[in-house]
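Chain naming follows the written order as A, B, C and D, and within any one chain the residues start at number 1.
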Amino acid sequence: MDLSVLLSFAKIIAVIAYLYGLFWIMGLKVRPVTIAGKTLDLSLAINVAGVVVAFGIIQLALTDFGGFRILNEFDTGLLYQACTMTMVALGLNLIYGFNGQFSLGQWGFYGIGAYAAADVTYRWVNGDSSGLIVLGVGTILAGVIILLVGRSLSNLRRMPVLSSFTLYLLGALVSGYVAVLIGRWVSPLLNPLLGTNLEPGPLAQGFWLQIIYFLAVVFAGIFAAEISFLFGLPVLSLGSDYFGIATLGFTIVVYTLMVNSDTFLPFPEMRGGRGMIGIPKLTTWFWAFLFMMAVIVSMRNLIRSSYGRAMISVREDEVAARAMGIDVAGGKLLAFVIGSLFAGLGGGVYAHYIGFLSPGTFDFLIGFNPMIIVVFGGLGSMTGTITASFGWIFFLEGMLRDVLGRISPQAPSWRYVLYPLTLLLLMLIRPEGLMGKIEWGFLKIPVVPLRDTKQEGEVA
Amino acid sequence: MNTTAETRPVVLQIEGLTKYFGGLRAVYNFDLTLYDGDLVGLIGPNGAGKTTIFNQITGLYLPTSGSIKFNGIELVGFEPHEITRLGIARTFQNIRLFGNLTVLDNLRIALHSQAGYSLFDGILMTRKYRQREAEILERAQELLEIMGLTKVQNELARNLPYGEQRRVEIARALACSPRLLLLDEPAAGMNPKEITQLMDLIHFIRDKFKLTVLLIEHQMRLVMGICEQITVIDFGEIIARGTPKEIQNNPRVIEAYLGKGA
Amino acid sequence: MLLEVKDLHVYYGAIHALHGISFHIAEGEIVTLIGANGAGKSTTLRTISGLIRPRSGHIIYRGQDITLTPPEQIVRMGISHVPEGRKIFAPLTVRENLEMGAYIIKDKAEVNRLMERVFKSFPRLKERINQLGGTLSGGEQQMLATGRGLMSKPSLLLLDEPSMGLSPILVQEIFNIIKEINAQGTSILLVEQNAQMALSIAHRAYVLETGNIVLSGTAKEIAENPRVKAAYLGV
Amino acid sequence: MQSISRPQKMPVIVKPNSFLAWIGRGGLILLALLIAYILLRNLIEKPLFFVTNIINGLQLGFVYALIALGYTMVYGIVKLINFAHGDVFMVGAFTSFFAIDRFKLHEWPLRAFPTINPVLGIALGTITTILLSMVVCVLLAVTIERVAYKPLRDAPRIAALITAIGVSFFLEYFGLLDFVFSARFIPYPRPFEVTTWYIADGIHLTQPGEPIPENAIVISNILIIIVILTLGILLFLQYLVRRTKIGIAMRATSFDKPTARLMGINVDSVISFTFAIGAAFAGLGGVLYAIAYPSIKTLMGVYPGLKAFISAVLGGIGSIPGAFVGALIMGQAEALTASYISTPMRDAVAFTILIIVLLVRPTGIFGEPEKEKA
């Protein structure tokens, strides 16, 4: 073994140790201190400081100190890829691990998020604001309409799912149409401020461009979530395996639409099967870290809330859950939509890191990866999913490609032979996944202490 | 049936309930009226349609025809979770706890419909969220204490012995804050000693929580011991109704169900 | 000695289900195991018929050690297990269910002869011969399960909770048939929740508590034991 | 603790035949009418072209049916989506390729008995090749089952599913390596010439070099072979499952494995047998597919496997006639989409049909409705 192999190993371990450290700090509870007669709880301050320091460490490692960088260009790519994979896989773990719905559609939502966000910023830097306006107005309007339709449907009982689906779909189509009209009307007013690709206008550079990037990613995430709502509404009522097949179908349909984006769909800039080029590379460590942490924290809080427990009960036993007053259909839909939102956000971040989108990336065969990661890490374990995502990217894409590449130029293709074998071995040895259901650090679920029996304490 | 005028309010009124599965008739023209505070038993041979009636009351099955009124509200057409929220809770014949979750979580799940905070409160961990969560926890622990389950609150439900699982299931049903409790064979798999305890427990919770109880049971000792009224069905139809004593001496019931030995 | 179980230990994962139980069944006997839910009664039967592998101990059938023999072999040796909850093949007709019971018998004429014999004990099954197993009522399913168990011409029949979920009148009927089967020469190991009924037809009985045999004796002795009376007979 | 919010307003219950209930159905009916209109217009405009499309779809559908049978049987017995099945199909095609290209296996009767009738000789040779492919596929599938699925029989279902995906990936990526099958398209040497007939005022044998008239329906011998073989297999399977002892044992095993063991059924052999039958037909399908569309590659099994799987689900997974009907629908959908909408959209259409059918009949066309258990 030569030195750089050891170095790759060290990198994987360092990154995962780093994550564990971060989660440990975030879970840290310190005893309140008394300063000058005042009792201060510094837990939150320490947690925030820890997160900032954790952000800073990687930021430093990425900074170029006159030709010296700890993490090189290649590692940076891996890092961003791992962040997006974490978001996608966590979303899937919410859908499958926590809510029990076997979904293979995550990759499709990831693709939708990537293409939607990329299209917005691509148009923006090329002097066309219609992308942002249509997507923004469209998602907001569709969201409002979906909520309105939902409210008016809520006092109808035994409505066939197909009918409510049709109503929602009509609402979404109308809002999409209105958004396009608004875009056509408003964008000429903004376009002069954008300049062109070569001579960016005031709104297409610096701080403003960052804002646009943020909006693009967020709207793309919401867009993916809304699509998942429309798709999930009828399809979630199918049994588990059938749902799996339907979602696999969704991924393939999305892929096919991407291939035909310049012929069947009216998006010439996506260039169909040839792949979309020229997406501004706006993803920085700041954004990747921000979005990833937002996903991790909100998912962790969701799981711990009553809504999260309701989702888990759906996984455990649907009939019992219903009998306990839990809206099973609503719970499934909620998990599915939030999971897809995470995937859509991940897609947006990915598109702006890689700068080039090809339908091949969103092929359904590769779409099994998040599922495999989730199972690898342990269903229903956030820690496991995060570890597996990072481990997967750094090991498979990073180390193995590097190491095998040195053996012979053909050897890297062997890693795809090795990885199913690893998978098989893992499933045979430890079918519950590497981590099982274990959580760590701030993700850990606290054990509720026994209640003091100071009350009257009647025992039957 | 009592011929004297009832002064207590009607809790559940079932009229002409009929259910077909394909061509198979499971329940036919079933009637039942429960008054506030009743403890009523439903017995009949296996496959007579008892559990099907429960499933229709709780909305798991849609009746072919008939009406089920709960506190004057027509239940037919409601989703099961809405029916639970209206105040009907049940247990299952073959215990359906959330086995991989702790006992406490089993109860907290049943309290979900009373959580009273929004999804965003949950994700952002607002003050409201913390307050309500504390209340949910308090209520769940209170129920566990009443049922004598405090010590096992952090155990996984599937690791409990059978008798405790039954009690957790009843506790979980009570967490739904029901007015009507449906018990489906609560004594299945219990020995005589445990059945005696169960009988006390059912009496106790009915009085403590001011419940109306409807139960399905095969253990004659339990049914005859605690029910005030018994309805016997066979092939989906009512064949007898009355007090335990009347039922025990009813020739049709003896022929179809009890046999000469009992 | 037909069957001898020696110091059987069974684990489910980390849970110790049977703590070294020993008992025996002689030719022509009805032996019953009584005990509370979770005491390990069904586990014992499942271990004898090979569905569960014991951690240690021996099961000796007609002088042959069958401890690690797979279930499909054990049926061929003459032990037939009627599982708890009846476990009828719901999508198969009554005839097909019975044919599956006689899976190990190659001779078609023999199968038909056995089927006739089952119909003699359970005339109701004959009326429903082409009906799907899943559409039978609970009592009929129990008859079918028992009949199916008899189709392999067993010399030892393991019956797991034949009265479960049946009305008192049907329980009576099933127990009469069990007695009849025994009278025709089949030994029976009966596991029952309904201790009263079981003790009324058994020759000998064992009481299981949390994986241990705590009492044994003739059915009469057991039925009169004050502890048993209090815990299982509800007197 | 606040009390439960109890609804004050009486809800409106949507009756099955009210206007609201018809909104969804109306949308579907409109869609169906639109499709019917497109098809009818094309049928009237160019009837012969339409019939040619139907025939193409038929050929494809029958090949899909051969693969779908394996999916449906395996799913029926172990409730496992055997993702590797499409790759078994690929291995079948490659086995016959090596047999024909390297070892000239299809010519052995001509070489061994030079005096034999050439047609008979070719037929015998082809049958040998097919049998060889079937045997290789059976061995492969049984090995996969023993190594990868059997140890996981008591594990959670997802573990077996992930393993199936793993096996599938392994076969694919291993096949993609340069020294195995490589990633290239490989021209497939047919063991016999494909002869076609065209129907235009009478049936004519197409002569080499002779142009086929514009408006003719073309039928090939491979089409006839595929149709006859598949129909035969279907009848055989139906007989096997319904009437024979092993067939009843398969159904018993699929319903309840421990109880089946108590009957003396060797569950492992029954499952292996099921895998073997499915693999044999996939192997046969692979060879026929390669003869019909003579170009093979390592990933050739992915999409046909997927389509066949959709067919099985469409027809009601677990049902043998269902798999057949589903496959025919899939074949037609693909051929008609390719001709009348756009070729790349055919995968999307296949899945759209699946999703719509599942919404209307959640367990597929022939599937038994799931009973709610409580």
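The rule is short, and it goes like this: contacts are C-beta pairs under 8 Å (C-beta built on N, C-alpha and C of every residue); 3 or more make two chains touch, one makes a residue touch a chain.
Only a predicted model underlies this, so the values are computations on that prediction, with no experimental measurement involved.
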Reference chain D; chain at largest CA-centroid distance: B
Computed distance of Cα centres, chain D from chain C, in Å: 44
Geometric centre distance via CA averages, chain C-chain B, whole Å: 32
Chain A-chain C separation of Cα centroids, rounded to whole Å: 54
Whole-Å gap separating chain A and chain D, where each centre is the average of the chain's CA atoms: 35
Contacts with 2+ other chains: residues of chain D: 11, 13, 372, 374
Sites on chain B at which at least two other chains make contact: 60, 77-78, 85, 92, 113, 136
Contacting chain pairs - touch in the sense defined above: A-B, A-D, B-C, B-D, C-D
Complex contacts: residues of chain B adjacent to chain A: 58-60, 62, 77-81, 84-85, 89-90, 92, 96-101, 104-105, 108-113, 115, 117, 119, 121-125, 129, 132-133, 136-137, 141-142, 144-148, 150-151, 153-154, 172, 175-176, 200-201, 204-205, 208
Contact footprint of chain D on chain A as seen in their complex: 102, 155-167, 234-235, 237-239, 241-242, 244-246, 248-250, 252-253, 255-257, 259-260, 263-264, 319, 365, 368, 371-372, 375, 379, 410, 413-414, 416-417, 419-421, 423-424, 427-428, 431-432
Residues on chain C engaged by chain B in the complex (per definition of touch): 36-38, 135, 137-139, 165-172, 193, 230-234
Touching residues on chain B, where the partner in the complex is chain C: 24, 44-47, 161-163, 188-196, 218, 220-221, 255-262
Chain C residues within the chain D interface of the complex: 49-51, 70-72, 75-76, 80-81, 83, 87, 89-92, 96, 99-101, 103-104, 148, 152
